[in-house]
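What follows is a structure written as structure tokens; I'll ask about it next.
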Amino acid sequence: MNRLHALTDGVYAIAMTLLVLELHVPDARSSSELLTALAALGPNLFAFALGFAVLGTYWVGSAVNLSHLGRVDRAALFLNVLQLFFISLLPFTTAIIGRYPDEAAAVVLYGVHLEALGLAQYAHWVYVLRNPHLAHSPIDPRTARAVTTRILFAPTVWAVAIVLAPFSPRLGYAVYYVVLIGYVVTAVRDRTVLR
Amino acid sequence: MNRLHALTDGVYAIAMTLLVLELHVPDARSSSELLTALAALGPNLFAFALGFAVLGTYWVGSAVNLSHLGRVDRAALFLNVLQLFFISLLPFTTAIIGRYPDEAAAVVLYGVHLEALGLAQYAHWVYVLRNPHLAHSPIDPRTARAVTTRILFAPTVWAVAIVLAPFSPRLGYAVYYVVLIGYVVTAVRDRTVLR
Amino acid sequence: MNRLHALTDGVYAIAMTLLVLELHVPDARSSSELLTALAALGPNLFAFALGFAVLGTYWVGSAVNLSHLGRVDRAALFLNVLQLFFISLLPFTTAIIGRYPDEAAAVVLYGVHLEALGLAQYAHWVYVLRNPHLAHSPIDPRTARAVTTRILFAPTVWAVAIVLAPFSPRLGYAVYYVVLIGYVVTAVRDRTVLR
Amino acid sequence: MNRLHALTDGVYAIAMTLLVLELHVPDARSSSELLTALAALGPNLFAFALGFAVLGTYWVGSAVNLSHLGRVDRAALFLNVLQLFFISLLPFTTAIIGRYPDEAAAVVLYGVHLEALGLAQYAHWVYVLRNPHLAHSPIDPRTARAVTTRILFAPTVWAVAIVLAPFSPRLGYAVYYVVLIGYVVTAVRDRTVLR
């Protein structure tokens, strides 16, 4: 269990920090040129912030969900490694939207990636629900439904973003941000104390 | 003990995440060019997935094996560092098969690398078996045999892949994937609960 | 809780270590050329040391502050992720002052970054103070005031550095280093034993 | 305490894994060219192995020494961060000897770096000895002397390597390896069980 947490936290921490490698120091000959060049990094900073928000939100979600888990078997470990696969790929798709912020293909690819991540998280959760002997303490149906809703909410809305992005990449981004801000607002208002 | 776990999980997490650095954002001028360029990244994505699967499988194996260990001495730490040496080299050989997917030399090199990794894991396990005072609780002969078989199975088959690769690199890849899928299937069917 | 620590320590450890990627091996044809080229890396080494000192100081501060926290809710997790956002950006702004050590804009940008980091740390601390049920044990007013002073001291002085840097970048650096050295001296003289 | 371990293990794990980034995939048009190109990477692989051996040896040493520590104060944390500073710089000096294996300046620089690392480790240990209230359990004089000898042995011999390297870089490398192999052999023969 502890090792699953350690690997998970490690991959999240590294993916979060690798995002910064896509921010290249610009060429400039004066302070004013430097400021102009930094302003031109806008799309990259935007992608960095988006990627970080996605990772931060999924990490908080993962920390909350895994807190229900008291024991693991090897299948649960592999389902977790599957999630980490999509987490470790995120710096790549984030770099793509940083470089091609206005291309619909980039925004759709990002949405498909988030979709895969959300479904992997859902698969892990379903496995926990179907193997109650792995749970720390019995998960009551109300909590189970609440967590399921929280996990499935994002992939549902990512699907909307994927459909909208070919018409307007910016609308796609707007959807991504609305979901993430929604999670943060819900999280901040939910004062449940975690162990 | 905890520190051995922390270092091990850290190196695995970083090696997994560094694999993504070999996926370079392609140059493109439109959404369709971007899609074509991403499709051309196929071999790299293939190598990324293979590398991730190897690391994930060995990590699960290492988590299961180390769970038998209750105490360490300095020799056990060094045997573990030896494994981590081969783990931390993996992004390099993975990058090589990503760049030269059809060269037999790349596939053979990868196999030799996996062979070294498997033998280092075996050396560690033999050390644990020979120093039963390090074990968490006595390891019964049946478990010992099962773990030994599981550890030696992969290196045996890697040897087959190394022999086959010069004739057909693709056959070599097929062998790698069959082994990894075999591990996942076995793992999923084995419902032993881990601490 | 443990996972919050693990993610935090992971991001700090990676940000610390990523700083080294800005130190590029110079081109040289002889030992004396190599020494000259290494000497020319002075500003980069200076930025590396500054970035490391900032991360080290904030990490020690974070370890001390989080030791008051016994429980978390999701808002506390997000406030922590916000701090990690600014931590993971630090290799970027550190690289900028390594490349443009004499540009006022670089020094000001660094100061603004440190300001944001300090305020995020302050927001987290205020949240802990306002939610005493999250504290490990009641925080007495004197400790609360001491921690608040320690957290707010740096952002106050960073503001001075931001004002001074346009007149003299070196004066800005001097302020950064004085603050960091001040923290180390205070820390070394304060013999409070931490759990 | 746990956080000190986590940060330490994180920095070691990342430094170990970042070493691999200096191994660049070579350009080649056939399997035989690839093998030739890989053989030409010899010095880099040699530096990689040396860097990994140094990090592995210091990590085992650090794990053993820190196991005496039961409590920390802020000065002990800063002394540890100082060690991590030199650890996180190691990928840089390792890359330099990988690129300039035959330049005396590179070998001397590496020795000076190891010297600084060893002295930082010694400073930490002296601090622990002078503040016995930080120790897990009283450190008896015999253990204290043994650890002191083990810590000071390496820096003494690094000094010899620094003096010899200008005459023969290879002699310098030989000294580095002899010390590391000496540590491994001693470690393997010392069967003390660690907690």
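We call the chains A, B, C and D, going by the order they appear; numbering starts again at 1 in every chain.
Here is the rule we use: contacts are C-beta pairs under 8 Å (C-beta built on N, C-alpha and C of every residue); 3 or more make two chains touch, one makes a residue touch a chain.
Everything quoted here is computed from the prediction, not taken from an experiment.
Visitor: Rounded to a multiple of 5, how large is the rotation, in degrees, that superposes the C-alpha trace of chain B on chain D?
Guide: About 90 degrees, rounded to the nearest 5.
Visitor: Looking at where chain A touches chain C, is over half of the residue numbers used by both copies, so same, or under half, so different?
Guide: Homomeric contact, different residues on each side for the most part.
Visitor: Please name the chain that ends up farthest from chain C once chain centres are defined by their CA atoms averaged.
Guide: B
Visitor: Measuring from the mean C-alpha position of chain A to the mean C-alpha position of chain B, what distance in angstrom results?
Guide: 25
Visitor: Find the geometric centre of each of chain A and chain D from their Cα atoms only, then give the gap between the two centres in Å, rounded to an integer.
Guide: Inter-chain centre distance comes to 36 Å.
Visitor: Can you list the chain B residues in contact with two or more other chains?
Guide: 2, 6, 10, 13-14, 18, 21
Visitor: For chain A, which residues are in contact with chain B within the complex?
Guide: 1-4, 6-7, 10-11, 13-15, 18, 21, 71-75, 77-78, 81, 84-85, 88-89, 91-92, 95-96, 99-100, 103-106, 109, 133-134
Visitor: Given the complex with chain B, which residues does chain D contribute to the contact?
Guide: Chain D residues touching chain B: 2, 5-6, 8-10, 12-14, 16-21, 23, 25, 28, 30-32, 34-35, 38, 48-49, 52, 56, 59-60, 63-64, 66, 184, 187-188, 190-195.
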